[in-house]
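For reference, chains read A, B, C and D in written order, and residue numbers begin at 1 within each chain.
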Amino acid sequence: MSIVLGDNQYGKAENRVVRIYRDGPRHEIRDINVSTSLRGDFTDAHQTGNQALVLPTDTQKNTCFAYAKQKGIGEIEDYALDLGRHFVDDVGPVEGARIEVDEYAWDRIVVNGDEHDHAWTRRGGEVRTTIVTIEGEDAWVVSGLKDLTLLKSTGSEFWGYLKDEYTTLAETHDRVLATSLTARWRYSQLDQPWGRTYADVRQILLEQFAQVHSLALQQTLWEMGKAVLEAHPTIVEIKLSAPNKHHFLVNLAPFGVDNSGEVFHAADRPYGLIECTVTHDDAPDAGRAWHTVPAFA
Amino acid sequence: MSIVLGDNQYGKAENRVVRIYRDGPRHEIRDINVSTSLRGDFTDAHQTGNQALVLPTDTQKNTCFAYAKQKGIGEIEDYALDLGRHFVDDVGPVEGARIEVDEYAWDRIVVNGDEHDHAWTRRGGEVRTTIVTIEGEDAWVVSGLKDLTLLKSTGSEFWGYLKDEYTTLAETHDRVLATSLTARWRYSQLDQPWGRTYADVRQILLEQFAQVHSLALQQTLWEMGKAVLEAHPTIVEIKLSAPNKHHFLVNLAPFGVDNSGEVFHAADRPYGLIECTVTHDDAPDAGRAWHTVPAFA
Amino acid sequence: MSIVLGDNQYGKAENRVVRIYRDGPRHEIRDINVSTSLRGDFTDAHQTGNQALVLPTDTQKNTCFAYAKQKGIGEIEDYALDLGRHFVDDVGPVEGARIEVDEYAWDRIVVNGDEHDHAWTRRGGEVRTTIVTIEGEDAWVVSGLKDLTLLKSTGSEFWGYLKDEYTTLAETHDRVLATSLTARWRYSQLDQPWGRTYADVRQILLEQFAQVHSLALQQTLWEMGKAVLEAHPTIVEIKLSAPNKHHFLVNLAPFGVDNSGEVFHAADRPYGLIECTVTHDDAPDAGRAWHTVPAFA
Amino acid sequence: MSIVLGDNQYGKAENRVVRIYRDGPRHEIRDINVSTSLRGDFTDAHQTGNQALVLPTDTQKNTCFAYAKQKGIGEIEDYALDLGRHFVDDVGPVEGARIEVDEYAWDRIVVNGDEHDHAWTRRGGEVRTTIVTIEGEDAWVVSGLKDLTLLKSTGSEFWGYLKDEYTTLAETHDRVLATSLTARWRYSQLDQPWGRTYADVRQILLEQFAQVHSLALQQTLWEMGKAVLEAHPTIVEIKLSAPNKHHFLVNLAPFGVDNSGEVFHAADRPYGLIECTVTHDDAPDAGRAWHTVPAFA
C-alpha cells in the first residue's frame, strides 16, 4: 500500500476579459469570464516541487487575453476550443484541458430610436456558458446557461405524492412555479452554429416552461430536455438543475382578507432542488466532459 | 451630563412580496422587496423594556402583505405612501415612517410570437427603487434605480488632472468608461405619474451617458443629473453614485501583439467612486427624506 | 431658480492593502480594506470637465499603498488620520476627506504548542472598522465593528407590545435572540489607545448582550450602548444597527414530537432591523462625521 | 435511438437547522445547513407527472428538523447517516441518498473570565462539512472543511517553471502564499470518532501549510494530503481545492520608497486554482461518494 497522487488539475480561474471590436464607428463588445485548467502528469510538481513541466497560471492568463486579440472572441465555444487545443497541442506536458467561459450580454443604448454605436447597458438575466474539455485529440463541448429565472403564476399542480409520517404538505392543483434554471447540453460534434443553437435552445426551454401544464418540476424539466433533444440532433445530452423557488401563499384570513392565489411570500431557504439528465440511449461517450477534478458541488 | 437615547427607528426589512393579478386569463405580476422603519418616542422600549408603544415588526410584515391585496401594488410609490401613512396615521405612537421598496421587473415569455398570459422571465439589470418618508403630515418621495450597468467603449477622456508626488497615472484621450449606477431623485410633489416619470428619467440617464463626450465621470454625472432636472420640474434634486469600474488595457506587446483599445481586463477592486448631488438652488426642504438613522453607508 | 451642484465627493474605494512586518524572524501582518473620499470645490470638474483641481483616484490608491510603508499600519485610526490629513493639508484644492478602513484579523497557526512566526489563519467573525472625517483643521474618528454575530438561547422575552388589526404574533417569555451587530462609536478626542479601547468596547458589547435579561432587542441595544459610554468618557456617541435574525421554533407536534425550545429554523428574510443611537446630551458637535454624500443606505 | 432519462436526484437544499440543548443551565448549540437528495427510479415522475413514488421535498425538510430532536445533532456525520438511512430504508422507492451538512461553530461569550451558559458569538472562519452517500446497504462518508483562509508571508518560492511565448512572470524565491482551502476526505469505515478526527486533520493541514517550505502550491497540497493519510489509516482519499489568492508586491519605487516584501495588493480575480487528490493506491471503491448528478462545478 502506498500513497499516490490521484486526479489533479490546475489553472487560472475567472479571467475577466472584455474585447471591443472597433474597426468602424459601430463598435462591438464581448464580455467574458474565462477559467482554464490543465491536466497531465504533474506528479513531480506535487511530490518534489520541481516545476519544470508546469506552465504558470499567470501564463495561462496571458494567453486568455492574447487570444482575445489573436483569435478574437466570436462564439465562446470557438474561443474555448482554440485555447484548449493550444494548451494541449503546443505545451508539451499538457495532455488535457478544461476551459470554462461565461458570457455576459450587453444591449445597445437606444437614443432617439437609434442604437448607439459605442454605448451599452448590461442585460442582466441569464449568463451563457460553455465548458470545453480536451483530451489529446478528442474534444467535447458542453454549452449552457445559468441564472435564467422563470415563474408561472398558474398551470402548475402538485398532488398524489408519496406520504409518510413526516408529510404535512397539502396537495395543490394551482400554485406558483418558479426557478432559476441552470442547463448544460453536450454536443456530439464540433461543427456547430453555436450562437444560433444557443438562442434556439433557450427559446425551447422558455416555451416548454410556459406551455407544459406542470404536475411537478420533474415533469417540466423532462419536457424541456426532451424538446431540446428532439429539435437538435447534434445535442446528445442535457442536464438541468432547478431550484424550486418556493412562493408561499400568505394567510390573510386573520385580517378578514381573502387571498385566492394573489399574495405570496418569496422564500429564500430552504428550496427544493431538482436535477436531471435527459439523454439519448446511444449517446456517444462523454469522456471527462462532465468531470471536475475534486468533485466538489 | 447624562446619557440619552438619540435617533432611532425599527422595522421589518426585506419583506419579499409577490403579487399576482389574476382577474382574467392574462395575469400580471409585481415582485417587490419592502422594508419598513417606524419612528417616534420609543424611549421606554429602550430604557425600561416596556413595549406598550411598540407595534411589532411582525405586524409590520403582515401589513406589507395585507396591503399588497387591500391596496394592491400599482406604482411602488403609491404602495409605499399608503403603508407609511397607515403607520403614522393609524398607529398612535408612530410619528414618522420610512418605507423602502425595490421592484424587480419581469418580461413575458414569448411563444410563437405571442406574449404568454402567465409565464415570465425575470429581466435582470437595474432595480427600480423608492424611499418614502413620512413625518406627521409631511411626506417625501425619493425614487430611483440601482445596478444599472453601463459601458461606453470610446468618447471618454481623462487628462489635465492635478498631479502630486504619488501620481503615476498616464493621461488618456480614449478609454473605456463603465459604471454600475445608483440614482435617487426627490420629487417636490406627490401627484405624479410615477411609472412614466421613472421610464423617462431612466432614458435620460442612458442618453446622457451615451451622448456626453466625457472628460471625467464627474462631468458625465453632472450632465445626467442636469438633464433630468431640466426635463422634470417636479424633480428638485438627484443624487448619483457611480463606481468607476476600471477596464485596464492589457499589455500584449510582450507577445508581439498590438492592443489599440481592444482587449481589457475588467477589474474588481479597487474602483473609483464618484458621488454627487444635482439640485435646484431653491429646492424645498428635504426634511429627513435622505436620513437613515445610524448613518451607516 | 437655477440648477446647481450640491454635495459631492470622490475617491478610490476598497483598496486591499496587506502589510507584512518582517524586521525579524517573527513577522506581523496587517490586512485592511481602505476607501478614500475627497471633498472640496470641484464644481469645474463637474460642470466644464476641467480636472485641474482633481487628484486622480489612482493617485489616492497609490498613496494608500505608499503610506502603508511610509507611515506603517499600526492602529487603523492613526493610519486613516495620516491619510486624511495628507490629502487635506498637502493637496491644495482638497478641503475635507473621509477615510474608511476595515481590518481583518489573523491568528497565528500553532505548531506543537508554539505560535508560528510567519503563518496565519484568517480569524473570521467580526471586522474592525474606522471612519475618519477631516474638515480643514477638524477631525472626527468613528470606530466600530461589523458582522459580530451573537446568539442567546434564553434570557429573552417579547410581550406587552402594541397590537392592531394586523397583529398575529404570539407573546413569548422565552425565545432565541440573535443578531449580526454593527456598532460605530464616536470619540471626542484623538489621543486614544485605539486598539485597547476597541478590545474593551467589544468585550462590553458581548457582556451586555449575554447578561442583560432582554425584554426587546431595543432594550439590549440601549444597555450595550449605555455601558460603553459609561466606561469610556472619551466616547460621546454610539450607534447600533442590529438585524433581529429570527429563529422560529419548528412545530414538530404533527410527528408526535415535543419541541420545547430546542429545534429552530434560522430564517433569512425578512428580518427585524433595530437601529439606535446612545449619546451624551452635551456631546460635542459631530460635524459631518456621520455624513455620506449621496445618503444611500 | 430514443430519448431516455439519465441520472437524476431531487431533494430539499439548505435547511437551516439550529438545535439548542437545554437540559441544564448550561446550554449547547448546534448550527447546521442540511441538504438532502434522493435517488431511485423516478422515471414516472418525470415522464408522466405521476408523483406516487415521490416523497415531497417538504417532507424531507420536516424530517431534517424532526431528526434534530429525535436523533439529536451530535456529530454531523452521524446525523447525516441517520437521515440518509432513513430515506433509503424506510421510504420504499428511495434507493440512494446524498446528505450534505455544513456546520457553523459558535464560541461561548466569556464574562469575567467565565464561559457564559447560554450566549455565544459565531466563530467565523472555516466551515465543517460532511457528505454522506447511501446506496442500498452501502454508505460512504466524505468529511471536510471549506473557507479555511491561510497565509504565509515567507517560505514560499516559485521558479524553474515551464516557459512559452506567453510567459512574462518573474521567478521568485520569496513570496506571500495565501489560499482559502476546501478539503474533503473519504473514510473507509463508519465507526469513527468524527469530531476528534476532524480536529486532528484540521491541525495537520495547518501545520503542513505552515511548515512545508513551498516550491509551489501543488507541493504544499501534496504534503498536506499525504500527512493526513499517513496519520489516519481510515482516511483513504483526500481532495484539496485551493485558490492561489495572489498578493502582488506593489511597486513603490516611483515614490522613492523601497518595498522589500512588505506592502502587497490582495487581488480578487483572476486567481490560480490548484486542485488535487491524494489517495491510497489500493483505496476501496468510492461508489458514487463523489458524485453529484448534473456534474455542475
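Everything below uses one rule, namely that a contact is a pair of C-beta atoms (placed from the backbone, for glycine too) under 8 Å apart; a residue touches a chain by one contact, two chains touch by 3 or more.
The structure presented is a predicted model; accordingly, all values stated were derived computationally and were not measured.
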item: Comparison of B-D and B-C by number of C-beta pairs in contact, larger one; value: B-C
item: Chain D against chain A, contact positions shared by both copies (same if over half, else different); value: same
item: Length of the line joining the C-alpha centres of chain C and chain D, rounded to whole Å; value: 30
item: Interchain centroid distance [CA atoms averaged], chain B/chain C, Å; value: 23
item: Rounded Å distance, chain B centre to chain D centre (Cα mean); value: 38
item: Set of chain C residues in contact with two or more other chains; value: 15-16, 62, 66, 166, 168, 254-255, 268-269
item: In the complex with chain A, residue positions of chain C that touch it; value: 165-166, 168, 254-255, 268-269
item: Partner chain A, residues of chain B touching it in the complex; value: 15-22, 27, 29, 31, 62, 65-66, 68-70, 106, 109-111, 116, 118-126, 147-155, 176, 206-207, 209-211, 247, 250, 252, 254-255, 257-268
item: Residues of chain D that touch chain A when the two form their complex; value: 1-16, 35, 37, 42, 45-59, 61-63, 66, 90-93, 158-164, 166-169, 182, 184, 214-216, 218-219, 221-222, 226, 229-230, 237, 239-241, 243-244, 269-282, 290-297
